[in-house]
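Okay, here's the structure, questions in a sec.
Should a chain be cited, it is by its letter among A, B, C and D, assigned in written order, with residues numbered from 1 in that chain.
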Amino acid sequence: MKLNVGLVGGTGYTGVELLRLLAPHPNVALRCITSRKDAGTPVVDFFPSLRGHPALDPLIFCTPDEARLTECDVVFFATPHGVAMSQAETLLAAGTKMIDLAADFRLHDPAEFERWYKMPHACPHLLKEAVYGLPEVNRNAIRQARIIGNPGCYPTAVQLGFLPLLEAGVINPDTLIADCKSGVSGAGRVAELSKIFPEVNDNFAAYGIAGHRHHPETEQGLRRIAGQPVQLTFTPHLVPMIRGILATLYATLTDEFADVQALFEQRYADEPFVDVLPAGRLPETRSVRASNMVRIAVARRPHGVVTVLVVEDNLVKGAAGQAVQNMNLMFGLSETTGLTALPVSP
Amino acid sequence: MKLNVGLVGGTGYTGVELLRLLAPHPNVALRCITSRKDAGTPVVDFFPSLRGHPALDPLIFCTPDEARLTECDVVFFATPHGVAMSQAETLLAAGTKMIDLAADFRLHDPAEFERWYKMPHACPHLLKEAVYGLPEVNRNAIRQARIIGNPGCYPTAVQLGFLPLLEAGVINPDTLIADCKSGVSGAGRVAELSKIFPEVNDNFAAYGIAGHRHHPETEQGLRRIAGQPVQLTFTPHLVPMIRGILATLYATLTDEFADVQALFEQRYADEPFVDVLPAGRLPETRSVRASNMVRIAVARRPHGVVTVLVVEDNLVKGAAGQAVQNMNLMFGLSETTGLTALPVSP
Amino acid sequence: MKLNVGLVGGTGYTGVELLRLLAPHPNVALRCITSRKDAGTPVVDFFPSLRGHPALDPLIFCTPDEARLTECDVVFFATPHGVAMSQAETLLAAGTKMIDLAADFRLHDPAEFERWYKMPHACPHLLKEAVYGLPEVNRNAIRQARIIGNPGCYPTAVQLGFLPLLEAGVINPDTLIADCKSGVSGAGRVAELSKIFPEVNDNFAAYGIAGHRHHPETEQGLRRIAGQPVQLTFTPHLVPMIRGILATLYATLTDEFADVQALFEQRYADEPFVDVLPAGRLPETRSVRASNMVRIAVARRPHGVVTVLVVEDNLVKGAAGQAVQNMNLMFGLSETTGLTALPVSP
Amino acid sequence: MKLNVGLVGGTGYTGVELLRLLAPHPNVALRCITSRKDAGTPVVDFFPSLRGHPALDPLIFCTPDEARLTECDVVFFATPHGVAMSQAETLLAAGTKMIDLAADFRLHDPAEFERWYKMPHACPHLLKEAVYGLPEVNRNAIRQARIIGNPGCYPTAVQLGFLPLLEAGVINPDTLIADCKSGVSGAGRVAELSKIFPEVNDNFAAYGIAGHRHHPETEQGLRRIAGQPVQLTFTPHLVPMIRGILATLYATLTDEFADVQALFEQRYADEPFVDVLPAGRLPETRSVRASNMVRIAVARRPHGVVTVLVVEDNLVKGAAGQAVQNMNLMFGLSETTGLTALPVSP
């Protein structure tokens, strides 16, 4: 089976990562890639790393009109926030499924979307139908979904880290801290002074502590998992590296006898992309570089604190890889198809 | 006035940083530098960056015997743990003061020293006399001291970050979290596989969460500041950068009306090397690169949490610079002498 | 068809890269991996990035005795120089083919081997039979070979860069300059002070200009290609990056009308792993990261000089990838099998 | 003596580096800093690294009108090309000297300026008077100068590297090659996509080989030194580091008995900022980080080739530091005043 696949946007880092993963995918036929601004330009002129691949060499950015997206089985949106929702009704009416890597379909409450993204939601009635694409939580719903809100990079790491503890009810949900560190590709392929090499290299800083858009998305997910309100303090930091997120999570244990190592191992025993490390080992971001794998360690600390350490590649499990995982589920393919390449290390 | 200064050890990063700071210091005459292993080698053969300086070009590593350290006014120890304490009695008897950049004189309790450093303390009776060299806490005691235990890099950042909150009694001392990130020079100039470039670059990880030697030192300092026991969860991480520490600190406010910004500004108003940023700004490690300055931001978070962000250069305020600051105090010099160079940025 | 494959050595960077490429190779069954020192240790304990792969999770380092290498169809040597040649006769006698990623079978002249590697050659009579594994030059010979001397990383880039010019006879072979720049993984996974992060990062330097082992190998290859003696000045440099080589080559044109762009395009038109960029574009190392592709640009400069720029991933086309390419040729597989993954960028 | 100093421009990397060097300079009173766009903004809001310095804390960007530059003894231009020449006549008429860190006064031929910088020269009659600010060549002229064209970063390294060989006439001036590598700060503090961290880090590439503005400047200088035409092939590369240039120079020796090591040592014996390394040692960029020092190694290669390796900090000796050195000379100060800080390493 070959799915007809369209890609809207594709000049950013999630776009090129989708191309890297979709081009060799055995069940994918890349039909079109749109960029209004760069219509007519071969994709490989933008991304010389893709030169020479038979599916990518002939690919040319086209306008949305030329793209005939409604003829696709599924369309990925690697666009700024607001694009996917504007095309949702047309695509769904044509029977085309959607996977949005931006935030249009992540938050269930349109008012919350509006507050954080400063625009009205174009199709609030579809928010109910949209499925939050975190397979470890929503696998069955994803299989039935027509619209996927693909999770943000930080929220993926933080939710997978707190999940076994919240489900088991062994931590106090009012004292959650997520001290997160991300490589610079998470900020996108945009020409900003604060992202040029001499500003970022040999440097480390926190940012966005007054409020980050991934906060409400993460709290929404944790709330659902916990089945009750949660209180999360979220501090993102920028690491002078290209890819990778490490989330260092802190919570207060309410059950002093909880075997947290066993909780994680059992919860993730059958997950193809979550690797619980043996007790005593700590994860490094490079151990998942360029792969869809998440690695997790959990450790009891003195004074009743539990620490969870989660690493992912923000462009793969935190974006394009999880999107392909969702596509696989939506179309009844093996969940790991096209996602089995080993991490690149060193 | 020129002090006769000796340096024991000096082939590591704190050693070369001391040389960088001491060579142009107007009140310092560098008398000797010891390295048993490298006796006879010119210092500039090790550190070409020092070539051409009139005080350093002629400097040659000598054996401890040749060094005649007892003729010095002050001796810095940039050595592994255990060296300074073995020479303390001889030096003090000769009237020579000591500044140890290792851990021999940081912990007041010899049993605790023994537990963490796996060696008996050579002169427990001197531990009482030794002064913990954190000028923002112990300035007057440092002025009178014969022995300084120069603080570790992480403990400096964490103590300065919690200090105003603990002194004012506005946080719960049982819920302190220090999520710390350090550049690789903090691990020393040692040939370890885990420190080579391909293992460290484009990578991020936590380490030492089962127990780090800076933990008891930090807790001891915080306990003193608070005047009561504290409970600290300390998680160090390795950043792919050369220099710099960022400590991200979390605590629970007990006084919901506390003006934390004002607390910090007032506490550090007269400190020459602590810069409290205006509300809303966040510190970056590069803003203190190669300088003795610490920069701090404090922010109220939702749910009664307060976050403090502290940056320092681990080799300067976290090691060699603070040692020079202590020397200045011990000998009645202006505290900032030799330490006024601006940070190097970018 | 599944080949029985053995790996001798495997705790270095070429070893883990071979595992990354061989594990998903459809015609490979990994039979054993040896490391005398680490016998008994699971491979994934060394390289957590490999955790979770069905072919690697059960793999355990074994001693050479346990390995039963003579039952393998082919054995890769990712070992220090000198190991492969000591086992060659035994393996060949058993009908096992060999691919040596070290230098034992690269130089044809045993005296030259001895001069550069400071050891006598163990089987000089096999040097004649061994084939230098650069498929773009020796494809047919590789198909018939029992022993492959897999090229060094620098020599691969330099030979592929000068090849079309020397074959066409349009440059003076007495004036060749190769100014080469390599990422740090090229120096191996060894604990050396000069390779630790604070020594390498934010730094750039040349090394080895008094004589580098890749010099005689490169000259030998260029001499063969040119069919006459060549004079090469070779200057390697260390770049603060993990992977990648850029070779900047200079030569004097002897034919002022030579269409150098066409020469390169024609010569490499059918090569699956050599990509000649369009005139005016320059290659970046990241455009081949983690892939077996080489990208080349050629440019006429003023004053009759021609410059060639070649990029490769030193661990793939410069080591493990080229070794797999050679294996594919030796066993009649499609040359690109297992090597088609796209580069990882950013 | 305190000079009244003005700075035009100052939001770029050469600007902040000038502030770092000028603020503690004992003979400098910083009178004003202009930025039309940022008038009214405190300088430390742009550059938090400068916070806390008594000369910089009160400094506020002002408009050119407010600046009253004609009351200054000397004005530095850290501006885009074209600004300094537009103000030259006014300043000179008022008796104010000028040091331009851009290219307005580097090329002696207005036609060449126009060809490379795509604008007519505003005051071609002043080009004759302007002195090229390379003290190792033009020290006496600099002492008398009213206008300094401060050399570019690459030209400084390349000229100092070829200088002793060309002056001694021991190389063929028709075969010069300069293979140069620069840190990213050399490209300025500008928001360009090609300079953001994920595009630059773990990457290496050449650029600008079709023609770089530093080429005519360098050839002009070499021609003057040689007293005859020269032919230079110049290839710049971008290194994933913040600061530093390494120039690897190649030339053909015409005198096979020339003692090149002695030539360099003699030529630079009295130069305060040129350090000729002992034979056999190679320079690293970090050995000059944040300092005005240049370090040089020269080596004979096989086949009559000589290689020179030159390192400098592109923001110091390659820009701001050399500008201060020129100021010192112009006003009869000791040449090294304010420039003696040791390099920062690691």
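Here, a residue touches a chain if its C-beta (ideal position, glycine included) is under 8 Å from a C-beta of that chain, and two chains touch if they have at least 3 such contacts.
No experiment lies behind these values; they were computed from the predicted model shown.
**Student:** Fitting the CA atoms of subunit A to subunit D, what rotation angle results, rounded to the nearest 5 degrees?
**Tutor:** Superposing the C-alpha atoms of subunit A on subunit D needs a rotation of 180 degrees.
**Student:** Could you let me know which interface, C-D or B-C, is made of more C-beta pairs in contact?
**Tutor:** Pair with more contacting C-beta pairs, B-C versus C-D: C-D.
**Student:** Could you pull out the chain whose C-alpha mean position is farthest off from that of subunit D?
**Tutor:** A
**Student:** Could you give the separation in Å between the centres of subunit B and subunit C, each centre being the mean of its C-alpha atoms?
**Tutor:** 46
**Student:** For subunit A and subunit C, let me know how many angstrom lie between their CA-based centres, rounded off.
**Tutor:** Inter-chain centre distance comes to 36 Å.
**Student:** At what distance in angstrom does the C-alpha mean of subunit D lie from that of subunit C?
**Tutor:** 40
**Student:** Got the subunit A residues that touch at least 2 other chains?
**Tutor:** Residues 13, 183, 185, 189, 198-199, 201-202, 240-243, 283-284, 286, 289, 346.
**Student:** If each chain is a node and each touching pair an edge, is that a line, ring, star, complete or other?
**Tutor:** Topology of touching chains reads as complete, every chain touching all others.
**Student:** Touching subunit B in the complex: which residues of subunit C?
**Tutor:** It comes out as residues 13, 183-185, 189-193, 195-202, 240-242.
**Student:** Once bound in the complex, which stretches of subunit B touch subunit A?
**Tutor:** Checking each residue of subunit B against subunit A gives 174-175, 177, 179, 181, 183, 198-199, 201-207, 209-210, 231, 233, 235, 237, 239-244, 246, 248, 250, 280, 282-286, 289, 299, 301-303, 305, 307, 309, 311, 346.
**Student:** Which part of subunit A faces subunit C closely enough to touch in the complex?
**Tutor:** Interface residues on subunit A, with respect to subunit C: 13, 16, 19-20, 23-24, 47-53, 56, 185, 189, 201-202, 242-243, 275, 277, 281, 283-284, 286-291, 293, 295, 340-346.
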